[in-house]
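Chain naming follows the written order as A, B, C and D, and within any one chain the residues start at number 1.
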Amino acid sequence: MRYLATVEGQTYEIEINGENEITVDGKPIDVDFIAVADHSVFSLILDGISYEAYVYPNETEVEVLMRGKRYPVHVEDERQIRLRQTSKDSVADTGEFLLKAPMPGLVVSVPVVMEQEVKSGDNLVILESMKMQNELKAPRDGRVTRLRVQAGDNVDQNQVLIVLE
Amino acid sequence: MRYLATVEGQTYEIEINGENEITVDGKPIDVDFIAVADHSVFSLILDGISYEAYVYPNETEVEVLMRGKRYPVHVEDERQIRLRQTSKDSVADTGEFLLKAPMPGLVVSVPVVMEQEVKSGDNLVILESMKMQNELKAPRDGRVTRLRVQAGDNVDQNQVLIVLE
Amino acid sequence: MIDKVLVANRGEIAVRVIRACRELGIGTVAVYSSADRSALHVRLADEAYLLGPPPARDSYLRGDKIIEIAKRSGAQAIHPGYGFLAENEGFAHAVEGAGLIFIGPRSSAIAAMGDKLEARSTVTAAGVPVVPGTEGKGNLQDGELIAVAPEIGFPLLIKATAGGGGRGMREVRTPEEMPDLLQSARREAEAAFGDGNVYLEKLLLDARHIEFQILADSHGNVIHLGERECSLQRRHQKLLEESPSPFIDEELRSRMGTLACTAAQAVDYLNAGTIEFLVDKDRNYYFLEMNTRLQVEHPVTEFVTGVDIVKEQIRIAMGERLSLTQDDIHLKGWAIECRINAEDPAHNFVPSTGKLDQIILPTGPGIRVDTGVYPGFEISPYYDSLISKLICWGETRQEAIVRMRHALEEYRVVGVKTNIPFHQCIMDSPQFQAGDFDTRFIEEQFSLEESQNGKHKLPDIAAILAVLVTHREGQRAAQIVRRGDRDTSNWKRMGRWERMNH
Amino acid sequence: MIDKVLVANRGEIAVRVIRACRELGIGTVAVYSSADRSALHVRLADEAYLLGPPPARDSYLRGDKIIEIAKRSGAQAIHPGYGFLAENEGFAHAVEGAGLIFIGPRSSAIAAMGDKLEARSTVTAAGVPVVPGTEGKGNLQDGELIAVAPEIGFPLLIKATAGGGGRGMREVRTPEEMPDLLQSARREAEAAFGDGNVYLEKLLLDARHIEFQILADSHGNVIHLGERECSLQRRHQKLLEESPSPFIDEELRSRMGTLACTAAQAVDYLNAGTIEFLVDKDRNYYFLEMNTRLQVEHPVTEFVTGVDIVKEQIRIAMGERLSLTQDDIHLKGWAIECRINAEDPAHNFVPSTGKLDQIILPTGPGIRVDTGVYPGFEISPYYDSLISKLICWGETRQEAIVRMRHALEEYRVVGVKTNIPFHQCIMDSPQFQAGDFDTRFIEEQFSLEESQNGKHKLPDIAAILAVLVTHREGQRAAQIVRRGDRDTSNWKRMGRWERMNH
């Protein structure tokens, strides 16, 4: 199976041939790779050097956290590479901004109302989480078209709070 | 659901009525009972006193390990109580002794042969595990009727090694 | 005599206090909110009683319930930990009024030091220098504060009169920012402390935050246990502390320590407390405030002095004399504490909640972990994000740093994100290693992104790991699909079987 | 100069040595058997190389491979830990021959002390008293040993000449037992050390096992770091050690310590070593043997002296002078170590293997854990059962005991059984608390069953817990059955759907 992995502007072509055998940009390398403690933490021995990292795959990238440093890696497999090569990005900019809760918490106040025009930097929601009050601000000018929460609501992470148009 | 729990010669009649409500020998008691770290370790708050224990149910009894002390508890539910009351113990003593491996390990030697008459205390198997040699002895006089292992075998815990008759 | 103590707190500090009591042969009573039934302090205490629902105002801030539980359970004393009711004069007073012992200062000293304005006038009168600000001018309105601000000069700080821990605190760089920031500071202070009053203070640049631990018994003895360096802060929250401070020599330590004892004596202080100073680059020092309680960072002092501060608190509360004199206190080696928070340093430090699927703690010599969590515990969004403290001791500062670097790497937390990578970057920073920083270091001179441009970069290894994990996940997904196929064919088989038998 | 060390061991001691190297800025090379790919020492080292299949003779005892890996990886030195090749004179000699540094004594000293018979003659010549036995009589045959036994008197001990750690050791109470026990001792010694030679030694009753830690540099300096009390043993395996010993006062410590240094000097000793003594109830002491390596129980000495013994070993190997003199060594407070073994104390201590599903470590002040495992790791049957060491320090012995009691209770291991309950019973024992025990205590005066008849018995709580868990399990089983029903009906639905569509 062939993959392209892009990290910090550099792309590596990595092919997985077997349990312990990969090629990186054409060079064959012996790897010894296991999961530690079932998941998220992985141990890799490569040419005798012992590495360990957290690896978190998510929708858009694979996050690798190694020795306190974070590497967001974009990984494509063969199918995705083909897809990308044959299609164009067809998603249009809808012009909507969805204010999502960056963390779970309690809505302390919502200093805007429906249809209100707001300026970039205006407070949209005051969210309390872990004893800190967080001011969630408008990233650009716009108009409040949906208002999904009110003071006193408990919200989950990534829950949509307000929509601007 | 009604249970009989016998520990150290004393039998308690315990009825579970709800999530937090039990009766012990007829007395209702509020309990607050949760599993810690998913399994094996349990936390119980009873009249404000906080207890914690390992609880290991196995085929014949429930082993409770609390504050360094071990309590083997025999638990019967309603169905088992009825069964016991209506039937007699019908298992006959077969006269066989199955020597099982008390631990996983390597068989170092088997100083007996088939059909050999052995005396109580004779070595049947020398088993090496975690760098210690363990002499597995005959618990009574008898004759070797089955011999399932030989020197060099790796055995699992509870695997039958030798049968005496 | 005290033979049972109620611990009016949660998390690592409740656990810390429970441990100290147990070792003194004293029984312990935990209190908890319904979110904390499985919390470590509930598990470790001899007794545990429910306070109420998760929000602090309904549970850990319910002083009335806490006193009632103390009396009902037969506890003679209450240890407040830090935060929650620890510096609430009214609570301390109510505890005293209920005939119980408050393990901390007298309520009068909390009042004197808790109101930042009064504190500053008191210590000024005792000859201790303070940072210029609106101290001693009463609780001013926004208009008055805006008017007086230019006299103090910009930049300045808005601080909550009743506050601490960075809550209700705002930095103001220009006069124009004053109205908005006053409003948000008051709102946060009101929410955090039930008191929206604020005051202004000059913002010292190139300053270090250095504090002295003091102990005072009821027989008039006051000693200090040396200093803690607490300049590494983010949003005015301490992140990392050490003792001693690389900035302080024996002469300055002795001078400031004596002054700290003087400040404590000015309010007839009892029990453990901390005098916070700002020290500018010319070694001028100014009294900032007194924390009339146990501090989060007390373990670094314990490591270098060998004194168990929490046990001393309890002994003092029992009326015992300090067993140590100032001459007995010598700092040995170096200790560093990293506060481990459940937050994602790569995404603007948003709090991270959820179940701790796995924790692998660092172990070995010179390592201490104070924690309120364990694998399997669920981090709720109701309380602060501090989940544990990692403290390392070394014979020298250099050794303590190296030990901490490796301990941070060994410390594995799966299930929530933590700021461990952030601490790793600080340990790797040449400026930190050189002891060359001030209170602005983290926010102005330190960058998580830049620190990643070091010599130890391994993008190729990251790429290989990312691909190996992606491949493994893909194979697992394929297996599930295959199993799904099998299930479908089972269904089909079952269907056929059913047809045949109907 | 040493800038890379190969650690020829596994488990907690390999991890301990890796930590010391890292803190000295020295690179580390781990070696491992195929059973240990995910072991902690492999995870923490900079480099890791496979030795071979799980059995020690094919992996950790392959001195030839280890030396080859050291040379290939560029390591200049090898640390042997304890066990495996640590006291193998041939290995030390081969390491020296390969131009590498053996972090330990010279091979000549290992030879002199490793052969128990030669050791006893050497120290006798140096004026150190020894336990009566067949020392200096060469390797006797069974017949000769049986003949000489009555001269020594019963009870006596058969001990492996090459041995240690209780392997190849047997107690003999009557002359009749001699032949059988000689045979089994030789067999175990042969398997453990590749050398079936044994000797006899008088079994001292009411004796304590007390050992002195010594450090010797290549410049002729020898110091001791005080004693360790190691009398608590089961089947001649140490279980629990402390420092200082409750039996030793300053005068005796000084006298025995000086003697220990003399014994070390008699073999021109280099690096860390331990002189073991038996001390009878009249305070007569006898040289037992010298362990020419790091001991399992070294952390208790580290806690009370503040000396990092493993770092000292490395510094000595680099040719440095000891930085401390005898006058610098003062024992502060009290330290106790419990060896945590994967074994079931309730079932005759059978080894327990399997996956460590969960580990909750004790934390807080005065606690040190040295471990070779972590949650998720699988305990294999190939190596010894020691999985970690829990070490507690206290200002007094009493405090150390209380801290240990609670730490043992906090230490939760799920997946394998451990001897933690056994240690808890020892901590609760009045005799242990009074310091009143000898080497026979565990086997003759201490009973796990009897200790359970204490005042803290809670059979009613045990009954309630047993029923609550049984009930919960029953409900869970019922749910699975119900889910099975639902699945069946899905199949039925699917079947109907298929009929309709065919």
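Structure notes:
Following the convention adopted for this analysis, contacts are C-beta pairs under 8 Å (C-beta built on N, C-alpha and C of every residue); 3 or more make two chains touch, one makes a residue touch a chain.
Small disclaimer: the values here were computed from a predicted structure and weren't measured.
If chain D is disregarded, contact among the remaining chains keeps them all in one piece.
Between the interfaces B-C and B-D, more contacting C-beta pairs are found at B-D.
Measuring from the averaged C-alpha position of chain B to that of chain C gives a distance of 47 Å.
Chain A and chain C have centres, each the mean of its CA atoms, that are 29 Å apart. Centres computed as Cα averages put chain C at a distance of 38 Å from chain D. Of all residues in chain C, those that touch two or more other chains are 44, 358, 360, 374-376, 412. Counting partners per residue, chain A has 36-38, 52 as the residues that reach two or more other chains. Interface of chain D with chain C (complex): residues 15-16, 19, 22-23, 25, 44, 299, 302, 306, 308, 332, 358-361, 363-365, 367-371, 374-376, 388, 394-395, 399, 402-403, 406, 410, 412, 490-492, 494-499. Taken in their complex, chain B has these residues touching chain C: 32, 34, 36-38, 43, 45, 48-50, 52. On the side of chain C, the complex with chain A involves touching residues 55-56, 167, 184, 187-188, 191-192, 342, 346-348, 350-353, 357-358, 360, 381-385, 408-409, 412, 414, 420-425, 427-428, 452, 454, 456-471, 473-474.
By the touch criterion stated above, chain C contacts chain B in their complex at residues 30, 37-38, 42-49, 73, 374-377.
Across the interface of their complex, chain D is touched by residues 1, 3, 5-8, 10, 12, 14, 16, 22, 24, 29, 31, 33, 36-42, 44, 46, 51-55, 57, 62-71, 73, 75, 77, 102-106, 108, 126, 128-133, 135, 157 of chain B.
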